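Single-structure report; data block below.
Order of writing sets the chain letters: A, B, C, D, E and F. Residues in each chain are counted from 1.
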């Protein structure tokens, strides 16, 4: 059995709608609904005309990636490739081998194909995030001129170009030409090559720029860097989660508040500040 | 503060703001600004409603230019709160300024990301999927449909509710706390933001070097990252942020220039072996 | 504060207080209030001695209603200190109130439990026993007698001494530190108590869930406790305390009702598999 | 050899006097003297009429549990069962097998019986703590009415009923009827049964009620919960011991104190606060 | 503060101070005072230049009597800063006193030791040596010469530069920050120093006991250090410092006596098995 | 081949100049240049008349100890013994065995001899530090009398006596009489003997005296011990590095500063303190 061009195109569209993190259909529907392999199984089944078969293929993949979290834009595996490249390819392979969709062999095959294409999704994710930089920087330039019309264009329209290049075309190619194309692409863009290494390194370093911009917005004078450095230490050296770190931060905020209130109250007679309403 | 002509965000603008955020929070994600554009698109509905002149609008929007990132679903509440704050600011509250707004955004984005990622993405979704997997055993479509309906209904309801609650909270908070108390609170919020930006730095920036020196037998006798950890864990991760901050704040470099410089550094670092993500397919 | 008619706890009442505590600190132990009843029985000797009316006595005793737990032997000093504080309060010191007494109790109970459990129970007793074991080798009664005599003599002497020291300390502390200084100190003590109640919560409440989801092959693919730890370690342990606090402080629920509710929750939790102590004989 | 009813009753009395944590003879004498296996050996020996033999049996048990600490009422093993059920049963078993009391086999037997009855003691401990709840809650009700006479009754008299039910009767039964009854009881009250699971779960949750009551007594306004949460984080996330945590708490208390003093001194001319006497 | 007759350290004295430190920072190292004598030899050049009478000189030098230790190369900056502070003090700045100087010294010595040890000794030197090893392969002298020249040239240049920078900084810092601000800063510096002395205590004092109790089979059933850690990690390490502090500060014991006492304690401790470094060749 | 007395004396002089930590030629030149095995190889080669051979022997030793750091005077291995006892002895052994200096066997021999003499250097280090106590305490007595002339004598001259006794003589002996003397000395001064144990224990305890002196200089009143204890906890219980600990300390210093400024500003009208210049 072969995937037809039409089918491949439909799969490409789904992968665009369902990207991990920047999905064309947004977070709730795109990322956390269509992106999940179980749901992917349903849609692949509709496209290939065999819903029960595709869902059976999808189940072991879904189990594999069930508790996937992507904190701060670090994506261990982008499931769009698992759902809309992995499931179709596995479906074809299982059918080709004449296996039962619910059999253990089919499950094994599904999982190994999921692993094969898993990182392909990650490459798509980082590629998308990088290409979006262009739209954003054009956006900043326009915003400088108070041209607010660009907001929806930058945020919703232009990323579609990114998706077309980074997500749609590869998905169509890989599902249409089959598993061998996946490995071809992986050989053309090796992970230990300059391009991939640089792209992932940039992905690691760029948040530093964003956080520095944020830092600038809350830092007024050099001594404001002290609380910031303190926050860094409790997070990195002490390994506090963000919630625990914010509770530690809160006691300092409380002291600051009481100190400021004390400054005001002293001399004015009332020695007890009022925190009831906070 | 009592006899002012109250400005109020229209329900329509509020709804528009919600849906923009709901849809667009991550659609133009980059590693540099992450969810900033989604935030601006959403908040602009509110600003547009509250101010007259283009200049004013542009000026107010600037508070939302910096980096923003959180778990976007629970993060609805941040957007709602700032909508309420914008309203208060439009009504002349002097305690709401860019620094305070950024303090609040920074102070909330981190912990909410932690809660959202763990509770919604890491617990609620997997539990729903686990149930759905049971229902879909043998290839049945029931499980998938169950997940689609339950997840989207509950999630969207939750997001809408906390967005509106946040809006009310943001508005009333600055109304109740007035005068000196508000000034004190403002300082506390900014301090909280400063600390949490540091914590975010620790949690979300992870720059390390794999550089090692080996002897003739190929045994490592010197590991650079290990030595750097001896000074302080995460030295490169805070060092890069401080470098970028210094370039922008003290050398007046544009973010774009800094970003290009960072890409250059990444490239050169990869070339000389200082950086290496060490991934494989 | 100088020309007042000094009330003084009689030596007899003090001694009675000591021996009540010494004997009764854990005789009616429960997991809910732990050593509270032993504390009250002991302290009531002091209160009874200082106040006239039943109403007054009842009112003062209320400061000792909350949860109390510490290593009871080294903990003698806390009881002694509060005896001294009661005396000061009976003499009209305005800085000694229920909140301060509870701040001191909470601030001391935790660290003293740590010291007492490690030093007395974890080190001194084992060392004595180790020596006694040597003496009892081959079945001799000497080792056992040695332990009985040395342990009880030293331990009781130690307890009596620190109890009386604590009493003097409690009384003089509030005498020396007067006026504004005492108010400032009072606030500091309460703050210390607040932090240490949190630390005690962390050390002594350990509520976890063993809930897991497994696939067909029986492999765990989702571990609830692990996800909760991602938000913050010990989430259930602080969550339950905050829930109980909220029910009592904000919903005016009685402790008894809260306790019954907790037993119900435990029962239901066990039924649905959310709780499971996972013990075996 | 068999344990007579009189002997069994005496052992039951000892187990009541010597309970871990709530011993009828109090902490110093009951828990930290009579409860220890070495001392238990002496008393079992006196009851059974063979002090050296019982002490020899007790020695390996004492070594096993020498550094037992029970922080915050979490009792890993309540030694009353080891001392006053384990030692007699082991003594009988060793004698029955004709072994030398100081031999390695006797020691091995003693240790394995100690393990068998160890958790029985824990069950007794949790059972005692639960049953005492009744007396306490009657006590609270009376205290509400300023009936102070109940204090000794609640604290010292009524718990004897608890001990009779939870400690005395089982000890008499187990020592009188022998080792088989121990396993009978364990089968009747299985650890994976609803009752035991609930009892231990309640034991884990109840301290939350007590600590909440304590919290209420030091919390005035919502912002007071911040220091409390901070204390929780340094204890649970950072793993500080209570002593280390209290040193961290102290620096905040110091700041609070200085802040309050500063509030008072400002304007009044003297800029240096006085901490000499603290 | 403006119309005073400015005293200034001569360039010659400064240079002498630098070279004394550069050479002598560790030449008379002991575990008790570590780098104190090198520091005093160096700083005395400055004091000698600024003051007239022997009494004055002796009095000022006292600020440098306490323990000093840091990575001595990066530590040049501390010596330079205090040279500048001495100048300011000689010009009558009331905010520079012994306590402040010791606060600064203590506050800087710790972190700079961390940076210097990790970055210079742990990273820069090894990297230079790694390169040199490559150049010396097969026994060539090139690598060794390369290391000698590059290391010494860069290191000495670096040390001289930061020493002089430190001197300028120390002088101007107290000039810019005047009056109340300086008093506030002074308090902050002392507090910083207090905390960092504690951290240094934690990092550089590591006193433990290997005492264990074993049963007949030779299995350990009680480990003293483990029990002490239950109270607080490092109890002996802070306990010994507090004991020495108490003997000197409260019992007016001379450092020499305390030191001899400590040697005695070490000896007795070794005898009874409480101490044992557990080393072998 | 044998090392001549002249050669042994020259090696002894080098070991004095190059000691780890207290080197007679100071830190930069003595400790961090001459002390390093690679450089030691050069000088040993010059003395023994075979630079390439000695450097080849030195290389594996240098690799072994390349990242040696000695924080706070805790010296895991003092390289003076490796460089100026180990290299010559290894050189002689390799030559005696007729091995090629660059061969693997030569390297193995070098490394095992480095290990043999490594701790000898540590003994020298602790011995030096102990003997210097005498000079320092004489120095303190003189400084009490304002006799400043002693500074260079104590710091630079008298330690040469220490070096002569502790470093020069053993090095000469060990290189002159060969490897057997090393083991002789190690047998005469066993590590589990009273002398060595006490010396190393004193080395561990003495910093407590120094730090206590320092503590005295920053502590005014009892409550000042609180920040100190806090510093201890974040270092020892939380494992923060000194740099991270100082960032935590900084936020408290910042609060102290703001509090003091607040105290001053309150009442005087300006509510915003100025931290620009810090």
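Here, contacts are C-beta pairs under 8 Å (C-beta built on N, C-alpha and C of every residue); 3 or more make two chains touch, one makes a residue touch a chain.
Please read these numbers as outputs of a predicted model, since none were measured by experiment.
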Where chain C and chain F overlap in contact partners, by chain label: A, B, D, E
Copy pair chain A, chain F: interface residue numbering same or different (half cut): different
Computed distance of Cα centres, chain C from chain B, in Å: 43
Rounded Å distance, chain A centre to chain D centre (Cα mean): 51
Distance between chain centroids, defined by C-alpha means - chain A, chain E (Å): 49
Residues of chain C whose C-beta touches two or more other chains: 114-115, 117-118, 122, 126, 130, 183, 213, 221-222, 227, 230-233
Per-residue multi-chain contacts in chain F, two or more chains: 63, 66-67, 69, 224, 227, 229-230, 232-234, 237-238, 240-241, 243-244, 247-248, 250, 252, 254-257, 259-260, 262-264, 266-267, 271, 278
Contact pairs between chains, per stated definition: A-B, A-C, A-D, A-F, B-C, B-E, B-F, C-D, C-E, D-E, D-F, E-F
Contacting residues of chain F [partner chain A, same complex]: 238-241, 244, 247-248, 250-251, 254-255, 257-259, 262-263, 265-267, 271, 275-276, 278
Touching residues on chain C, where the partner in the complex is chain E: 114-115, 117-119, 122-123, 126-127, 130
Residues of chain B touching chain F in the complex: 183, 213, 215, 221-222, 227, 230-233
Contact footprint of chain E on chain D as seen in their complex: 63-64, 66-67, 69, 241, 243-244, 247, 271
Sites on chain F touched by chain E in the complex: 21-24, 26-29, 31-33, 36, 38-39, 41-42, 51-53, 55-56, 59, 62-63, 66-74, 101-102, 116, 119-120, 122, 128-130, 132-133, 135-137, 139-140, 143, 146, 148, 151-152, 154-156, 158-159, 186, 191-192, 194, 196-198, 200-220, 224-225, 227-237, 240-243, 245-246, 248-250, 252-254, 256-257, 260-261, 264, 274, 277-278
